[in-house]
Every structure is written in structure tokens, then in C-alpha cells.
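Right after this note come the structures.
The same chain A turns up in both complexes below, where it pairs with chain B and then with chain C.
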Partner chain A sequence: MSERESELQERREEQVRQRAAELLKSGNVGGILALRRIQDHVVPCLFSEIDDLASLDISTRYAVAGVAERLLRMAGEDRLGIVARGCGERHLIELAKKKSIDITRIEIIGLACTESEARECHCVKPYPGRVDAGESIGDVDFADHEALASLLEMNISERRRFWTEIFNRCIKCFGCRNSCPLCNCDDCRLEEARWVRVGEIPPEYPSFHLIRAVHLADKCIGCTVCERACPMGIPLSKLHQLIRQDMKRLFGYEAGLSVDEKSPLLTDLDKGPLEVTTGEL
Partner chain B sequence: MATDSISPKKKENLLQEPTIELAVFHCRWCLPDSARVRALLPDQAKKSALVARINCSARMESELVLKALGEGYDGVLIIGCEIGECHYRTGNHLALKRFVLLQDIFTLAGIYPERLGALWLSPFDPEGIRKSIDLFYRNLCDIGPFKYTMEMRK
Partner chain C sequence: MNYDTFLSVCPYCGCGCGLYLEVVDGHLVGTMPSGTHPISQGSLCIKGWSAHEFVESDARLTKPLWKRGANLEPTDWETALYFVAEKLRSVQERYGPDAIGFLSSAKCTNEENYVLMKFARAVIGTNNIDHCARLCHAPTVVGLAEAFGSGAMTNSIPDLEQASCILITGSNTSENHPMVASRILEAREKGSYILIVDPRRIHLAYYADLYVQPKLGSDVAWINGLMNIIIEKGWFDREFVRNRTENFQALKEKVADYTPERVAELTGIEPGLLGVMARAYALAPSSAIIYTLGITEHVTGTDNVLSLANLAMLCGQVGKPGSGINPLRGQNNVQGACDMGSLPDFYTGYQKVADPESRAKFEEAWGVALPTRPGLTVVEMIDEAARGRIKALYVMGENPMLSDPDINHVKQAMSNLELLVVQDIFMNETADMATVVFPAQSFAERDGTITSTDRRVQRIRKAIEPIGMAKTDWQIISELAGLLGSKGFRYPHSKEIFSEITRLTPSYAGIEYSRLDRGTIQWPCPSKDHPGTEYLHKESFTRGKGKFTPVDWKPPNESPDEEYPMFLTTGRVHFHYHTGTMTRRSPTLNREMASGAVDINPEDADTLGIKEKDMVKVTSRRGEVKIRARITNSVPPGVVFIPFNFKESAANALTNPARDPIAKIPEFKVCAVKLEKAQPRG
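Presenting the complex of A and B:
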């Protein structure tokens, strides 16, 4: 990291701490959820004292939305402050869509990503709705166009060979599912013997990976957490990126934009709500 | 590897003379009788096909399609009511969207989208149904079986 960058990093950290301290002082929130540096490790932490904020860390990209969901469930009526980047905010929006969290109980401390951070994640919107720390670099396009185009150029048989080879590396550690804040179902289909055989690696093609791909098709916001969590280097984010492009082409839908927008897989053909009447027997 | 899921006997058959096996899921409100659906299938597929009645085409979850392919079926056909005729009003809207999405993901993952078919039909036209199924089956025969397949070989 160059000197200028580390200076910038410190300034952003200071801004986050300031805003967090303000929120805690105002009594508006019961605590601040952020990452904390303990020696050389970074863990999610609920800050409730202003003095503790010194150990707050923003250098690591870890999706805390899943932790927020559990915290909010335990906290009763308390409101919660969350340090969130662009992707963190979109996670929260998607969780609110699923009614997993109540977004009105959340106060976001917006953290804008630097250009190098955004480039690493192949991000296209590296800033949250409200920016408290850092400077938003605006809409960018760091998507890995080369890799995506090479995938799209393949014909079906080449593509199948490509993906089977890659999926055969899978050791079924469930890292992709566990790291994903949007994979928050209580009962996971990937663990049910009915759908995916238990205790067998590599998992069968196409069930395991495509079940996850289908489930996330209308939720994935492209944070690339799953890819970073994968110990076998499976380029999951490329698959999800392509699916997201197609969701946009097919249904004109993009995940993570607003809480009121409904997933096209939960509406009828006229984008109206699904009827739940059972009809007359 | 995943191919072990097929029984040795079936594997032998597959290697000698690839047969195309269908999994058919049909809505109970337009075609209540599985035996009648089986009778509509092409002769070569009649015996080996899996014909299952589901309550609505929307009950056809993506997991079922993927599992059917993983279990050795070469094509999956969903039969539902015409759009607008659903017993549950909008069940087949959901199924149609899911079908489009699945075909799309198939293409991205390297599975021929033709392996998944959907018919939205009126129950009063058995000849039409037979023709559509025939067409779907012939397309499948051109593609070949799923497990030891041209998707891999070519």
C-alpha cells in the first residue's frame, strides 16, 4: 500500500469512528456492528462503548449482514448501526425484501470503497446510498469483461467441460453458502439427502452448484464473497455475474436496488402479486 | 464421479445403445391421469419414462429438474395448463418464469436448454399434445443422452 493510500485509509477509519461515536452518543442505536481487529485477526463485533471504537477495522471485506440479521432478532426493539459498503447495503436491502430484517431498525454508516478495492471485487457500484466515510468514486465498470466474454464465446460442449472440470474440484465445504449473507434459509436444500447425496465429493453435477445458482438468481448482488471464501478457487462470481446479466435481459430486474421492488420470480406475468387463492374445489 | 449413480445394468445399456429417457411432470388439473400422459409419449420413450403428476406446474421446483438430470434422465418435460387457465390463477405464470430462467442457467452451465421443455396446453387436443411431445423428443434424440454425452465428447 502506498503512503497516500494508507493515509486515505486512516482518514476513512477516523470518519467511520466519528460517525459511530455520534450515533452511540445520540442514543439512537443500541450498538454498532462492525469489524474489530484483535491482534492479527478481524472479527465481527458489536460496539456499544465509544472507547472500544479504537479497535474498529475497515480494511477487511467481510459480509456482516448475516450477523446483523441474527443480532436484530435477538435485540428486541433496539436499533442497530452497521458499517456497510455498497455491497453491504445491498445485502441488507435484499434481506429486507425477504422480510428477514426490518430495515427501518438499521442505521447505515456508509463507507465508500477506493478504486483499488472496487477493482479487486469487479464492482460496478462501490458506494452505499449515504456516504459517511471516504469519497464515492461514482458508478464504475470493473466487471471482468474478458473472462465473461471468453465464457460466452464457448459453445455448449466446451462450457460443460469447463464447468464440470471446475466443479469437480469442489470439496463441499459449504464455504460459499456459509459466507453468503443471502443464503440464510433455515433448512438448506444442499444439505438434504433428497437433493444432493450426503458425504460424497465432488458433489454431483449439476445438482449441487446449480441449485445454489438458481436459488440466488434473483438475490445475488455480486459481492464476490463466495468466490473469496472458496478454498478451491471456483470462479463462482463469474457464473453469478452471467446469471445477473441474464436476469436483467429476461426480466429487467436487478437485485439490491430498493426494498419495494419485487423479485420477478415472485410475481405473475404482469408483475402483479401472485394470487394465493386456492380456487373452488 | 457422479456417473456412479446409474446402475451397472443401465450403464451397460447406455454404452451399447444410447436411449433417451424422459421425465415428465404434468399438472393434475389439465391432465389428471398419468397413464394417459404416458400413452401420449413416443413409443421408444413410453417404457422408461418417469411420469409424475404434480398439483400445479408451479410445484415443479428447479431442484426437481436438476435432480432428474443428475439421476440419469436425459430430458425433463413440464406440462401445465394454458396461461390464464391455471386452477390456482397464477401458478403457471410462476412456472413459466422459472422455466425460462432454468433454460438460461442451463445454457450458461453447459447443458443444452432443449433438455428442458414446457408445454402449456389445453387438455382437449390430444393430437396436438402428442405432436409437441414428439418434437421435444426428436430434438432430445439429436442432442443425445445427458451423462455420456455430446456435451462432453464434442
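Presenting the complex of A and C:
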């Protein structure tokens, strides 16, 4: 990290701490969910004392929306402050859409990502709705278009070969599911022997991976946390990116933008098939 | 509302992944990988992700138990501790200290292993202490000590990414050391040549540049064959051999007998393939060898390890980044348990019991006279118990009734004992037979250090209060020591035990808790300003010059015959750990795999009329098990595989207790069996 970057980092951290302290002082939240530095380790933590905020850290990324969901469920009426980047906020919005959380019980401390952070995650919207720390660099396009294009250029048998080779690396750790705040169904199909044979690695191809991909089609906000959790280097975020592109092309839909927006895939099928609104199937 | 996370280390395999235990209002609710940890790097395998699941299980032992008539009944700590202290004292007085044996645990911390080792030696006065390393990597400790002077993994897990060739043998890496497999795939992306030699077509074989399937128990033959080609072709590292090794001439003469044609006959590996393997390993700028129990669990385990060491030295593939001999240790703290002297012939840091100088050092530190003769190994203790010469056995966190070979023999030995003390977190097959059972704390309830496979010392941290009345293993032993009149066990916290360890152990001398709070440290770390050691034997070997030990191939102790026409080999599966006491109580893991299966090649299944999921009876000279069939090409014709994780289909009812003459490891990996379709019940 350059001197300028680390200065910026410190300033952002200070801004987050200030806002967190204000919230705690106001008594409006029961605690602040954020990351904490303990010597060389960074751990997710719930801050409830202003004095502890000195150890608050923003250098690493963990998806903590799943933790927030659990805490809100256990915390009765308490409200919660959460330090969230653009992706963190979009996680919370999607959870609210699913009615997994009541977003009115959350105070977001918005953290804008730097350009290099955004590049690292192939991000397109590296800022939350409300920015308390850092400066928003606005909408960007850091998607790896070259890699995506090369995937799309493959013919069907090349694709099959490529993805078979990739997915066969899987050791069924469930890290992609466990790390994703939005892959949180009460009954996970990936655990059901009827869909995916149990006790085998690699898990059945393509059912394991494609069930997951399809289930997240209208939820994935592109945070790349699944790919970072994969010990076997499976490029999951590219797969999700392609699906997100299709969702946008076909239905003009993007996950994570607003609680009021409804997924076009939600239908009881009584009213006929899904309607493609903007693109061609 | 209270949410906290505690950095700890996964309690399963030797990779040593850093993970956070998530605690809400005093209860464990989840596990999260550490993104800043050098091994896990934000990932875990399914066992790691499930590490919290067994901790608060209803089945946890919460009270001391003692045998009343035929049953184990709850009692209080005072009664149980007095009873055990009294019994130990009386056995010691009547039969002498060597009538008592101790099994330490590779699941316990360094501090706990140290305290039990000290208790056995300083309080009871016996060197009869050993642990399950005997059943996994004893040949590594012996073989690599002989060749290099140090019996540990030479390089590091992160270092594997730098290897230009990786030879994997007798290790089902992606199932049993997933984070190492992760590095292997990383290395492959960077162009590393992946060479896998294994009788089973393992998951990782799909990603090998070359996969070779040798006959079971033929390791020395193919390794000698490689060396023969390498010497003949002049592919060996002349300078390394000249400057850094001794006894090359003897090796050269020995391996000359292993012509490709003869090796093909012994191993089933085609002569041409052998040449490709030799070239790939010898000529790569850096080649790393990875192995596990497929190499060690043989009557020739030590020979197998010596052969790999010979190969690495011959090619100068040791003592530099991306190279070395990398035994992957099974348990999360099996390296530490060995380092701590939970071995019958060593104090901490491999200081020899038989060496008067080392002994004097520990006598002075502990203020007592210590026994001079090395003690008995795990398997010997069981034998001596069967013969009536071991009268009391103290088992801390082990389950020999499922993990040791020839279980029927173990059972007979156990029932001979006057006192069997078991200290564990769950009831298990061994605890069922105990006189007294002490409830111990799990990894989530205690502080301490563990040493993972690449000599990496790291901290585990107390995340929740103890379950029931459970105490830490070191507290239990310390209280017993106090009752037996010893004053050397008054430790306020595990930290003080660790300080005592570092004072007595040169390779740990520079490590302290405050340093470990900042990150992991790999031994040797001789001083406070030493950063630790990523790879061993850089300038010279621990013993000075590396020593070639020529060895000849010997057949397995038991080979198929008319009555028992097939080979059985055993191992672990991805979703369970060892005897399953923890994993089978973890809902996620149990859901994946609730019972074991025998792997049978389709050809054999056809001949025997066995179909997928049929119940099969597998019989050896020592016992029989009934188990479901899984038809798979991962085993070659003539070989079946049974995991040893499941008590209802215990592979070790079948295995052969014949052992390596030096390391005393039993031959878990090869025995002869017969298979038949089981008669339907009814």
C-alpha cells in the first residue's frame, strides 16, 4: 500500500469510527457490527462500547450480512448498526426483499471503496446509498470482460469440457454457500440426496453447482465472496456474472438495488410463463 | 445481545486452518474461515466449516463417571480423582511404575501433552507414554531422523506453490488434507508437473500430469527403480551428493539391482513410465514430495520413508524452496504431540531419554530422578496388557478400541487391566470399558497451542465456558499430580506451561504467547528475535550430512492366497475424521455420510455377483465385518478399500497387527481378505 493509500485508509477508518460512536452515543442501536483488529488478525465483531472502537478495522472484507440476519433474529427489538460497503448494503437489501430481515432496524455506516478495492472485486457499484466514509468513485465497470467473452466464445462441447474440469475440482466444502449471505434457504436443496448424491467428492456435476447458480440467479449481487471462499479455485463469480448479465438483458433486472423491486422470477406460474421484458431468450 | 468471534485452529487434520468460532450469548453458533491466516486464506473444507457442531452436543460428557458393578455411574470430581490417584499409587507400589501406561493425544494441546508426559515420567516414573502417531507417522519420525536428523515436514504448505514438480504418493490429499490440495492446484496453474503414484485412483489423479497405479506394498521397488534410472542417466545432483550426503556408493550398488524390467514385475509399473517419472522428478528445478500413510502404514514403513529420503537427496531436492519431503500429519496436533515428547524414547524436542545429558536436564528442571530405559509403544502396551504385565492404562483423548489394528486383541487386553482411566469429551468404544471416565474440555473451551503439519505453532483460544463439569486435560492431570504429592504442577494458566516447555526445548525457545498473538511461528525458532523456519536443512542437514540408507523391497506381511484372495487397504474418508467421535456427532457431516462402505472394483463385483449397496461380508484371519458395497474404479481389481471411521463396520476388526520392526507401526494398509455377499437378515 502506498503512503497516500494508507493515509486514505486511516481517514476512512476514522470516519467510520466517528459515525459508529455517534450511533452508539445516540442509544439508537444495540451495537455496531464491524470488523475488529486484534494484533495481526481481523475478526467480525459486535461493538457495544465507544471505547472499543479504536480497534475497528476496514482493511479486510468479510460478508457480515449473514451475521446481521442472525443477530437481528436473536435480538428482540434491538436495532443494529452495520459497517457496509456497496456490496454489504446490497446484501442487506436482498435479505430484506426475502423478508429475512427488517431493514428499518438497521443503521448503515456506509463505506465507499477505493478504486483498487473495486478493481480487486470486479465491482460495478463500489459505494452504498449513504456514504459516511471515503469518497464514492461512482459507477464503474471493472468486470473481467475479456475472461467472460472467452467463456462465451466456446462452443457447447468446449464449454462442457471446461466446466466439467473446473467443477470436478470441488471438494464439497459448501464454502460458496456458507460464505454467501444470500444463499440461505432454510432447506437447502444441495443437502438433499434426491438432488445431489451425498457423501461423494467431487459432488455430482452439474447438479450441485448449477442448482446453486440458478437459485442465486435473481439474488446474486456480485460480491465475489463465494469465489474467495473456494479452496479449489473455481471461478464462481464469472458464472454468476454471466447469469447476472442475462437477468439484466432479459428482464432489465438487477439484484440488490431496492427493497421494493420484485424479482421477475417470482411467479406462481398460474398466470402463465415468465415474461421476458427487455431481451430475447 | 452479545456476538463475538474467537480465532482458533481447526480441530481436525494437520493442515492447521485458522478459523473463527462465532459465539452468540455464550453459545457457539458458527464457524468462519480466517481470511488473514496463512493456511486457510479465507477457505475451509466441510469439516472445518462444521467444527463447532459437535461442541455443544447433548452427548458431551459432563460429569466424571466410575464403574459401579457393570455400569459406569456419575460421581463428583473429588471422589473420582481420589479414586484414580489411590489406584495409580497402589498399582505403582505393587507392580512397579512400568506396569502403568499412558496414551497421550494428538487432539490435545501442546501444553496438555507436555503435562501428561511430565506426569508419566516425573510422578509415576515410567517412560511408557505414546500416542496415535505410532499408528500414522512413526516411520516418518524414525526414517527422516535417520536420513536428515529431523523427523518433520521439511518445507511448508504455502511453499508448495513454488514447486515445479510435485510427487504425491500414498496421500488422498484433496479428501484428507484439502488445503494442501488447494496449494497443489495453485502450483498446477503455475505450470507445476503433478505426478501421482497411488494404488487408488484418488480424486486428485484427475488433475495429474501423470497418474501411476503401483501394486499395493511395492513402494521401495518403484523408488529404487527411479533412483537406478536417475543414476544411470546421470540425472542426479552430483554436487549435492558430494557435498551434503554420505554413503552414496552403497546406495548406487543397491539400486542397480532394480532394473526397469524387474521393477515392472514387482510393481506393475511399465518400464517406459518409470523413465518418465524419473525424468520429471529429477530434472525439475524444484521437486516436492508429499506423502502420508500410504507410505508409512506398512511393515516396511521405515524403509519406504528412507527410500523417499534417498530419492530427494540424490536429486538435491531438499533444503530449498518448493522442494523437500513433506509428510502430511493426520491430526491437528500430532506434530505437537511428538514435539512434546509424548513418545516412549524422547522428551520434548526429540531430546533422547537414553541420553544421560538430556535426562539430567529434565531431572534438574523437574527435581526428580527419571527412568532411564525407553518405554513401550502403543501397540506394545496393548500386548503387555494382554500378557498381564501392564496393569493400568491412562488414556487421554484416544480411542484405541477403534483405531488400533486387530480390535479383538485390543479388547482382550483392555479387559485384563486393573485400572483403565479415560479422559475424553465423548463416550467412545474405549470409555465403555473404563474404570473411570473424566469429562474433558473441547478445543472451543480452552486456551493453548497446537503445532500443525508444517511445524507451525499456533494458538487456540477459549471461546465458550466449559460444558457441564468438564475440565481441561492439563487441569485433570495436574490435580492428580497434586494428590500424588507432586508440587511441580501448579500452573495458573496454559501460558505458564508453555513457558516451561520453551525453557526446556531449544526448537521452541523463541516462541511465546505474545508472539503467537501476532501470527503463527514455524519451529525451529531458537530465540525471541528469530522469525521461525520455513524450510529445513538449508545449508546443512540437522545431523550434518544427509545419510543414504540403501534398502531392499520386502513383500507385505500378508498377501492374498486361496482362502483370502483379495487385498484390503484402509484409510479415512473426506466427511469423517478417525473414529468418528466428533464428526459423527456433527449433523452436517453425518448427513453427508452416515455409514461406511467397502469400495470394490466393477470387475470383482461382477465376478462375486455383488451390486451397488449390497451388504457384503468381509473376512480376514482376525475378524469379519458386514458393510455395504460401493462399486468404483478408484480401486484396481483385486483390491478393496474400507474406511476405518465407522464402528459398526470397523476396518480394524480385519487389519493385520504385524508391524514395522523399527517404528513399530502396524500394517494397516495391506492385509488379505475374502468377500462374499452377506445373507439377508431374517
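Quick note on the criterion: the second predicted complex is superposed on the first by the 266 of 281 C-alpha atoms of A that agree within 3 Å, B and C clash if a C-alpha of one lies under 4 Å from a C-alpha of the other, contacts with A are read in each partner's own complex, and residues count from 1 in each chain.
Following the convention adopted for this analysis, contacts are C-beta pairs under 8 Å (C-beta built on N, C-alpha and C of every residue); 3 or more make two chains touch, one makes a residue touch a chain.
Computed from a prediction, not measured in an experiment: that's the story for all the values here.
**Q** Is this a clash or a fit when chain B and chain C both end up on chain A?
**A** In the superposition, chain B and chain C stay clear of each other.
**Q** To make sure I follow: the centres are taken over C-alpha atoms, the vertex is chain A, the ends are chain B and chain C. What is that angle to the nearest 10 degrees?
**A** 90
**Q** Looking at the overlay, what does A:A54 touch: chain B (first), chain C (second), both, or neither?
**A** neither
**Q** Quick one: is A:C185 in contact with chain B, with chain C, with both, or with neither? Answer first, second, both or neither.
**A** In the superposition, A:C185 contacts neither chain B nor chain C.
**Q** Just chain B (first), just chain C (second), both, or neither: which does A:L257 touch?
**A** In the superposition, A:L257 touches no partner, neither chain B nor chain C.
**Q** Once chain A of both complexes is superposed, is A:P206 in touch with chain B (first), chain C (second), both, or neither?
**A** In the superposed model, A:P206 contacts chain B only, not chain C.
**Q** Would you sort A:N168 into first (chain B), second (chain C), both or neither based on which partner it touches?
**A** It touches chain B and chain C both.
**Q** Quick one: minimum Cα-Cα distance, chain B versus chain C, in the superposed arrangement, integer Å.
**A** Here the least C-alpha separation of chain B and chain C stands at 7 Å.
**Q** Across the two complexes, what residues of chain A are contacted by chain B and by chain C?
**A** Chain A residues touching both partners: 168, 202.
**Q** In the complex formed with chain C, which residues of chain A make contact?
**A** Touching chain C: residues 30-31, 33, 38-46, 60-62, 67, 70-71, 74-75, 78, 168-169, 171-175, 178-179, 191, 198-199, 201-202, 228-233 of chain A.
**Q** What does chain A use to touch chain B in their complex?
**A** 151, 154-164, 168, 189, 194-195, 197, 202-207, 209-211, 213-215, 217, 239, 242-243, 246-247, 250-251, 264-266, 268-269, 274-275, 277-279
**Q** Residue numbers of chain C touching chain A in their complex, please.
**A** 1-7, 18, 20, 22, 24-25, 29-30, 32-37, 42-46, 48-49, 174-175, 178-179, 181-182, 185-186, 189, 203, 206-207, 517-519, 573-575, 588, 591-593
**Q** Touching chain A in the complex: which residues of chain B?
**A** That would be residues 1-2, 5, 62-63, 66-67, 69-70, 83, 87-90, 93-94, 96-98, 100-102, 104-105, 107-112, 150-154 of chain B.
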